[in-house]
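In the two complexes that follow, chain A is the common piece, with chain B as its partner first and chain C second.
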Partner chain A sequence: MKQRLIIIASVILLLTVIGYMVYDLFFTENDRNNNPYDYGLSELRKSDSTLIAYSEVQQFSTGLSDIYGITTDPMDRIYVAGANGLEIYSAEGNLVSKFPVQDTAYCITIAPDGMIVLGMEDHIEIMNPEGMIISRWKPESENSVLTGVAADETNVYVADAGEKIVYRYDLDGNLLNRIGEKDSLAGIPRFVIPSPYFDLGLGRDNELWVVNSGRHLFEAFRPDGSLISTWGKTSMGVEGFCGCCNPSNFAILSDGSFVTSEKGIERVKIYLPSGEFKSLVAAPDQFEEGTRGLDLAVDSKDRILLLDPWRNQVRIFVYIGDEDNE
Partner chain B sequence: MKRGIALVVLTILFAWQMASSYAIQRFPKPEFESGYITPETLVPNPRAEILEVMDVVVLLLALSVVTWAVLKRRSRNLVFWISVFSLAYFGFYREGCVCSIGAIQNVTLAMFSGSYIIPWTVLVFFMAPLVFTLAFGRTFCAGVCPFGAFQDLISWRPRKIGPQLNAVLGVIPYIYLALAVLYAATKTDFIICRYDPFVGIFRFDATFGMFLFAGILLLSGVFIARPYCRFLCPYGVLLNWISRFSRYHMTITPSVCIQCRLCEDSCPYEVIEKPVTVKNPETRQSIVRKFILIILMIPFFMLLGGWTGSQIHESLAMVNGKVRMANELLHPQKYQGEPESIEMAAFRTSGKPATEIYSEASRIIRQFYIGGWILGGFIGLTIGGLFAGRLTTKYRTDFEPNRGSCFSCNRCVDYCPIKS
Partner chain C sequence: MEGQGEEKRINRRKFFRTGAQAGVLVSLGGITALVARKTGSGEFVWQLDPTKCTQCGRCATSCVKNPSAVKCVHVYAMCGYCDLCGGYFLPETKTLNTGAENQLCPTKAIKRTFIEDPFFQYSIDEELCIGCGKCVKGCDAFGNGSLQLQVRQNICDNCNECSIARVCPSDAYSRVPADKPYLLNGFGKEKLDIT
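Let's look at the complex of A and B:
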């Protein structure tokens, strides 16, 4: 009896398979709602809410029409650069001062001496805290698209997405060397920058971190251009970077962890100094689809300041454990 | 033990395949907003010709070795391990493509389409097993076909389903073959590939539906040995025909059958034919009556099948994309309120007149009308042949494998006490 049942069940299974083939071939129409060529990211935009370790505590709008760069100074003042202007806010988000800027500033940093370094579309400007231009210079190339600046006591580093290179200048604008040129012997593969998102920043030991976004890698260099280390993982999952070129922007926390922002699947994440994924700051559903250029800065309290060009806002995130102290 | 080792090997291969799932597709197209010149798109090179030659060499070697193992060594163990190798190479490494089963469609398309040139490797994959079968029986099924090897591995508790059910289900591969040829000849679809349950597993990229499809088939394969080979495989139909004429088919006993009946139940595929001795010879009148019945019955079934095929030719043609689109253009009210299909949107934006697609569809439907007659006639012939087989009695003195259906797996050989 048991034998018979097994045979009957097996034959039914077999007939199910054949029935499915007949049904699929002759009795189903194309799924008209399903476009097989549709490039859908909706599934990838879903994220695990338990991975979110930060909470958004404040937003404020800026007075600029287009915003591109954000940074902070040692007093936690917030600097926002954009079209024809630069605005300075207090840590609480109150406007402190603003200066007009000729043309558009795409990136900004504050040098240790308090000078404001602006990366314009095709040149660098250094201003004093009152907005007076101290110096300005142009890279040699006509194809330059400046997308990131960083500065220490003696150097200004400029990321050029057009030339796919990082320039190291002294504070007077003299070119000292070029960083990231292909050098097989030194193990430098060159930067792959398919779009104008090419960020850089200085680490705790003043090492220069550059996003090789086409390779989904962070690369650390010494001032002389020698490669120290790299980290990064290509993945559609939350633990890695994906798309043509990500992350688009980053900032470094006081413990050396990295805060990264991505486009395509808009999200902000934290990576440990070793490059391992730690947590989410903001999930894709916290952004309007298509938002890009989410520049980042951190202040002395490790608050994460996010520039949201779509909303024209500065959005402030704090670690959920620190929320009560705010 | 042997099966356990094979399953471990299989698991490793699965794990290896999973690694490829980490190969990441990159999403959106890069945004080039600053006069950036798009680099030339690089496409993967086709498989190197030397590797294609290697595939053919491996196929011929595997066929030779398994034939030697079946006929000379008469070793089930050796056949088993060759089939594990074939599963690894042709299945997991070559990802099930090109395969001899699917090659039926390439050969058909090459015959009916002047613009399609069949690759020589595909032709070899199609022809070599047929040539070997003509000489030595279905040794290809025994140890070279990765689909067969896969099913052999999971056939843990094979049960017999009986000759009646075997015969009825055995008609399905003929229908499948006829449909596959019809759709390939009319450039409609390669349905053997579309419903290939194994390739998705070999590549580890099947959709959920296909995994379910394969899973159900494999589950039935635990109890019904080689269900795909026996009740679906269209290439098996060709091998079955050719194997009947094989010169050196495997035998259960190497010399004289001593009628010990040890092999009687050894075949999980139920293809061992028992001795039929003459007790009451049929009268001449009875033989003539049966002969006349067969002579009348087969053309009747062919005509009936052909007529039925011609009557359903429009339904058969609806699988064709162009016919479906013409139908959609002709009966827009049927699809009212539904979103426009992407095929229709593409056609509309092409600016071509509807008459163009109508005349193309009408040409295809005419092809299906003729194809419907041939398909139906072929199925009628198969069913007629099935009845004819039931009416005739074949006398034999020994236990013998059915030359057409036997996969030459050598299981029965192990049961035979005569070893030389």
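Let's look at the complex of A and C:
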């Protein structure tokens, strides 16, 4: 009797062990899928959805193989610059015209007289609205990497990520001065640009705003290069700029607020003219992980136009209260 | 009869001589081939392609060597020498100093050296590096991608069947010619002197 009990108990124990082994082998998630050294980027990409104040209302694909720059004109036409081409779309996203360019255009702006200013691989090019080249010139350095352009009635400002400097030219390409060189007496620390994202733009009072991305700062300059003000905060949190060097791109709304885009944690945000965080336009989960080079433009209705190189699309965002007017 | 015996003896002698000559020739050929394989382009070694790597951590956990033969390699020409380095600091570090609590690397294998304000150089201590790829992920996401994982050929046993290649989810491993054993990505890689 006792022996039989021992045999039954042993068989039950054996079956339990076999059952556990089968479960462990075939029904549990393979430990190999768990990375003990995971960076945890997915946690950082989470955001508070209540901070999102904009809605994506439209997107359209471009006809260029690689896209780098976007801008608008006073008629709200959308200009997209990229590899060997420039495309012009109506405000509704219909292709109006396209021009070939000889190499890659990395940045673009429209001058007040309607001329198209392009920052090319190794030179600056100005063309009329019909695509005819009016003038072109090379920067001084062989190491130049042109990543941002802005223009007013008399000046063309060019951001050079290679030389970490901003050039101010007249419309004929004559160099007037260099902006952002280290000047301790004037309180200019110099630009720190670790990666080829170095954007600039003109504010409401024609002041020049430049992103000092390695310091996570916006810096405002007068045309003569004197520093007016700075703002910015380093943070992985939504209120600041993350990583080594952000924001990568920006645009300015009609009320002087800033629209910024970041890489690493892909997100688009609004900052008040004073530099305080206001809201999110697009959260990280609205982008593919690893997307970078999210150039921005704003039209006369304060719609935000976002260039998404990963998807090869122009994506249009409007303030949630303004959706009905679309 | 006597003449036939003489001929047989000569043939045997000839046979042994020819055999010895052939043996020497085969040995020499074998040694030459072995030397050629070791030094020439005939040999292949394991390497991983950084453009395919997803930093899954298996290079650290699956290699037969302990610590792994996969190490982080720094392509200095691509580096931004950032103060806030995404490959060195934990994501939400408050103070940018070399405190252990601020460092991303689980073995503290990255050395941070001040160059001039605000630039810092980052170098890898290969004896400490376990090839987990955590720093590579941070650098790729927030920086220029100058930190890259590579199989270090001076450590790798070059197994017939690489145990990491078997489990690599992105199929980043392949055999490459031994005379070009590294597959670094980006500009400036040719300036890097690694063996």
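Assume the second predicted complex is superposed on the first by the 288 of 326 C-alpha atoms of A that agree within 3 Å, B and C clash if a C-alpha of one lies under 4 Å from a C-alpha of the other, contacts with A are read in each partner's own complex, and residues count from 1 in each chain.
Please note the rule applied: contacts are C-beta pairs under 8 Å (C-beta built on N, C-alpha and C of every residue); 3 or more make two chains touch, one makes a residue touch a chain.
Owing to the predicted nature of the structure, the values given are computational and were not obtained by experimental measurement.
In the overlay built on the shared chain, the residue A:3 is in contact with chain B alone; chain C does not reach it. Legend: residue contacts after superposition of the two complexes on their common chain; A:14 is shown touching chain B, with no touch to chain C.
For chain A, the partner with contacts to more residues, out of chain B and chain C, is B.
In the superposition on chain A, A:185 contacts neither chain B nor chain C. By the touch criterion defined above, A:194 reaches both chain B and chain C. Touch criterion not met for A:132: it reaches neither chain B nor chain C. Using the contact criterion defined above for the overlaid structures, shared-chain residue A:25 touches chain B, although it does not reach chain C.
By the touch criterion stated above, A:145 is placed in contact with chain B alone, chain C being left untouched. Comparing the two complexes, residues 32, 35-37, 39, 41, 44, 194-195, 234, 236, 242-245, 264 of chain A contact chain B in one case and chain C in the other. Touching chain A in their complex are the following residues of chain C: 55-58, 60-61, 79-86, 91-92, 104, 106, 118, 132-134, 137-138, 140-144, 167. Considering their complex, residues 22, 24-36, 157, 159-161, 165, 169, 172, 179, 191, 195, 197, 213, 216-217, 219-220, 222-224, 227, 231-232, 315, 318-319, 324, 335, 338-343 of chain B touch chain A. Interface residues of chain A, counted against chain B in their complex, comprise 3, 6-7, 9-11, 13-14, 16-18, 20-21, 24-26, 29-30, 32-33, 35-37, 39, 41, 44, 143, 145, 161-162, 194-196, 234-236, 240, 242-245, 264-265, 292.
The residues of chain A lying in touch with chain C in their complex are 32, 35-41, 44, 192-195, 214-215, 234, 236-237, 242-245, 263-264, 290.
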